[in-house]
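Below you'll find the structure, written out as structure tokens, and then a few comments.
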Amino acid sequence: MSYVNVTGLARRFGGTTVFENVGFSLDKGEFVTLLGPSGCGKSTLLRCLAGLSRPDAGRIVVAGDDITDSVPQRRGIGMVFQNYALFPTMTVAANIGFGLRMQRLPADDIERKLATVIDLVELRGKESHYPHQLSGGQRQRVALARALVVEPRILLLDEPLSALDARIRANLREQIRDIQRRLDLTTLFVTHDQEEAMILSDRIFVMDKGKIVQADAAETVYTQPATEFVARFMGSCNLLDAAACTRLFGHGIDGHLAIRPESIELLAAAEAGADDLPATIRQHQLLGNVIRYQVESRGTVLLVDRLNRGRDDLLPRGSEVGLRIRREDMREVG
Amino acid sequence: MSYVNVTGLARRFGGTTVFENVGFSLDKGEFVTLLGPSGCGKSTLLRCLAGLSRPDAGRIVVAGDDITDSVPQRRGIGMVFQNYALFPTMTVAANIGFGLRMQRLPADDIERKLATVIDLVELRGKESHYPHQLSGGQRQRVALARALVVEPRILLLDEPLSALDARIRANLREQIRDIQRRLDLTTLFVTHDQEEAMILSDRIFVMDKGKIVQADAAETVYTQPATEFVARFMGSCNLLDAAACTRLFGHGIDGHLAIRPESIELLAAAEAGADDLPATIRQHQLLGNVIRYQVESRGTVLLVDRLNRGRDDLLPRGSEVGLRIRREDMREVG
Amino acid sequence: MRADLYHRLVVAALVALLAVPVLATLAYSLAGNWGATILPDSFSVRWYLQLWHDPRFLSAFGHSLLISVATLLLSTLVIVPAVFVVFYRFPALDRTMNLLILLPFAVPPVVSSVGLLQLYADGPLPLVGTPWILIGCYFTIALPFMYRTLADSLRGMNLHDLMDAAHLLGASTPRAFLLVVAPNLRTGLMASLFLSFSFLLGEFVFANILVGTRYETLQVYLYSVRMTSGHFTSAIVMSYFVFTLVLTWFATRLGKQESQA
Amino acid sequence: MRADLYHRLVVAALVALLAVPVLATLAYSLAGNWGATILPDSFSVRWYLQLWHDPRFLSAFGHSLLISVATLLLSTLVIVPAVFVVFYRFPALDRTMNLLILLPFAVPPVVSSVGLLQLYADGPLPLVGTPWILIGCYFTIALPFMYRTLADSLRGMNLHDLMDAAHLLGASTPRAFLLVVAPNLRTGLMASLFLSFSFLLGEFVFANILVGTRYETLQVYLYSVRMTSGHFTSAIVMSYFVFTLVLTWFATRLGKQESQA
């Protein structure tokens, strides 16, 4: 039996369906990312779990306890918002202690818990600052501490990093994951950033148009996308239709064939064997640590990624090369 | 003689110096990116070129013509702003034609030029729309057309893509580069995004604290960073101090040694030769097309990038490996 | 659900508080006779006819319109360039302006008109008793409305980027202002003009103390007839109310057209 | 540079336009005697002493303070919850409210007070002549100021996210409002209270028509003494002006403290 069980959840606004028949379960201590483009319904799903939006159908069970109709106050769910949602007229300490004061805990319990969580998020010394005196990263750490200090059963994170700079985002990402592991906290993280999802998650739920289209470990979602949408959304992908397949491999398929650019090996024409595809370099783009080649083979242009190992390694435009693609790196998608 | 020559340019606000003694030249038709973190002075430099900010010292010469003291109206410089700066009460056609009307061209000249540029930026059919009816990408194309139609001698782009979504950004990026090549337009592009800079530019000027610290082709800036700042700013980098160098290679250095994660080769322990470093895998992170390993060798943790080629290829935590680093991929930086 | 009901009640109470007097006045103005009964005995429009045929009323109305329109013309000519200059060249002045425009608002009309009476009753500028002094006064009343609204409009656009873009495309500062900035101010300007207009049309204290019957305005007239028949004054109230409603509706419609254009 | 000079002139002219009458009045109020000379012959503060020892003035001032403070208390109690309800539960109502609050502002005081005179002179609620009718009236005057300012404050915060965060941390809606939202409204509330206060203190038409000398307020008193010595009335004007300045300064300081806290 899983820690969190969601079954048949649906939410409609007026005439339009945001999502329908959504079901999943989370294990205790699992870090799961809900990944999808904006407007796919992921935030609304999160709000339904928190009780901030009422589902039109379905059940939400946490630790054997049906909370579908509970008020947000009694769900034991913590949430961190994209825009921090800190209380502007309260100090850092007052913000973090708000939930404890609502529980009417004795003052020294509050003090003790505050001290622990402030150390956890490394905000010692900032207790009497106001939110507007903090940087974006510090604010989000206050919001995290405020959600953690009441010891929620589930932590929901609604794009908590998207308002931050790249460098701070990377740091805070690590910190969140680290704290989550230490507290063994069941966490559902919402984002539209596939890199963030892959780095952080035990499992990724990919959402598209109100449906969870794939729910797997990060590696699996990336290397074995269930649908064309997933293949496209998770990084770059060569998607070949039946005609291109026939030209390249001599047999057609239903749907599309997905091949990741980094799984194709570029060989010098001399090294290429009978099973390899003959091809010509058309263009290259320096992406930083990776060079992305556009390679044409039998009338189809494929993207091929190669590590950037200096000038001598670069294949000039027009070079004749061989492409080696392993059978297990090709994947048929719907 | 270059097309654009800037010498000894300086700008101060009150007591603080934004930049000082900045000099560079651009060739006709060159696409150059001014890359740097926010606050490094790159936007102010652009505004000085446009005549929107007055330099305190220095000269700006375009095609042999000293424009340092010209008003913006007479510089023949086009500019695209981050926030589009479209005229909200004018249609797309009126926005684009604004500069032509200021030149008091005859109506059919205006018509003809409008038609050409509207085709160029693929906005046919949107002529009578207002800016608020367009998407972000369309708005920026209108802004681009408005700057292009008056046939400027230099085109300045001030972070034109940073307000756009990732997908639209990639498309518009290609389109700008394509148009710039077709018109052979001398272009100075300002951004804080190193990937954007590398993909687009003939040359990159890296700016740090009011100085141009490196001005080279994208590949050179990436593989041969002139300073520690450049090495850090252009993607991930292993930066080793003298102590780490001595431990790893037996000899110290002045400053730091920069080694890109993708230039280090990971070998099975058996394959490693005497020149390779013995190392242990500590952790790995799936970044999408690349897997980033944290590898420890002789007490130093190094990042090593490898293409993501499926599960079998993955090196588990604790594996003993060899690291092969070519001499030419190590670079001493100040 | 109980919380919801409470919320609805608060809102309903607020609306009723504002609507009841209007409805009662309407009934009274249309009543031919209203004795001891709860509802009037008969209805008639004769109070309205009487009002709209009174030449003194019509001339006072004309005076008021003239003064208000003149004031608003003057204000527009002064304030539109001034607010542009403040925002484009001296943005630091905006704080000062925000305090300054509160002053004529905070000093009550009775007090400042008494002050003005001292200054302009005779001496080099004997303006008291002429419409000119009202136009000057009303200018300071219209100033806060117009400055605030126009300042909001300017704050809402990227003034500097728009001006920079226009400059780079070859426009001089005045042309850039006229072609790029001014059209953006139109909606805000219209809204503040309508608001100022209805406020000026309703101004009594300055008009009464500074000019009085020497150039009778609408409010001075209305004040002087306030003790005649209650039905007649109710007709005045309702006429005014309808006039205001029409103005407001017109202003709203104009605003909508703008935002669709 | 020439453009700059022009800009500076426009601004200077605007400031002068507002400052000159104030300075002239100050000089007049301090003049012991002012004959045919350009500057007065002597200076004295006797007009100020006379004003501040007049028991009728002091009682009128007291009445005004009482009515204004009562109005503002009532307004705060009604409007603060109402505006929260509008923004939190019925955001669509904000448009309606924005029109509604303009009505009492657009119908001129003479007209509406004449209307109210009909309604409340006798009948079931004979309020005319009592301070109660003024409190009711002034409530509708304070409403627009307070609603607008509070609405701006609410628009400026993430009301729904803040309420959601507070709910998830265990707070009920009333507690979340009191602990999280209300403290954010304090600055805006204070500013609008000060503005309303100085406006209400300066209100004349309603006070004069609806209550008159039966419960004399400050403005009615000032109006009745407007024809006595010009120096005396100048002293009134300057006293009032200083009072307003002090209030404004106080309000600004309070606002600053808030934003630093």
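For clarity, chains are labelled A, B, C and D in written order, and residue numbers in each chain start from 1.
The working rule: a contact is a pair of C-beta atoms (placed from the backbone, for glycine too) under 8 Å apart; a residue touches a chain by one contact, two chains touch by 3 or more.
Just so it is clear, the structure is predicted and the values come from calculations on it, not from any experiment.
S.K.: When the C-alpha atoms of subunit A and subunit D are each averaged to a single point, how far apart are the two points in Å?
M.R.: For subunit A versus subunit D, the centre distance works out to 54 Å.
S.K.: Round to the nearest whole Å and give the separation of the Cα centres of subunit A and subunit C.
M.R.: About 56 Å, centre to centre.
S.K.: Check each residue of subunit D and list the ones that touch at least two other chains.
M.R.: Correct list: empty.
S.K.: Two-or-more-chain contact residues of subunit A, please, as numbers and ranges.
M.R.: As it turns out, subunit A has no residue touching two or more other chains.
S.K.: Based on the touch definition given at the start, go ahead and assign the chain network to line, ring, star, complete or other.
M.R.: Graph shape, chains as nodes and touching pairs as edges: a ring.
S.K.: Of all possible chain pairs, which ones touch?
M.R.: Result of the pairwise touch check is A-B, A-D, B-C, C-D.
S.K.: Can you name the residues of subunit D that touch subunit C in the complex?
M.R.: Within the complex, subunit D contacts subunit C at residues 3-4, 7, 10-11, 14-15, 18, 21, 24-25, 28, 78, 81-82, 85-86, 89-90, 93, 99-100, 102-112, 114-119, 140, 173, 195, 198-199, 201-205, 209, 219, 222-223, 226, 230, 233-234, 236-237, 240-241, 244, 247-248, 252.
S.K.: Considering only the defined contacts, which subunit A positions touch subunit D in the complex?
M.R.: 50-52, 71-73, 75, 77-79, 81, 83, 85, 87-90, 98-99, 102-103, 130, 146-147, 150
S.K.: What residues of subunit A sit close enough to touch subunit B in their complex?
M.R.: Checking each residue of subunit A against subunit B gives 194-195, 198-199, 218-219, 222-223, 234-236, 260-263, 285-290, 305-311, 326, 328-329.
S.K.: Where on subunit D is subunit A touching in the complex?
M.R.: Residues of subunit D touching subunit A: 157-158, 161-162, 164-172, 175, 179-180, 183-184, 186, 261.
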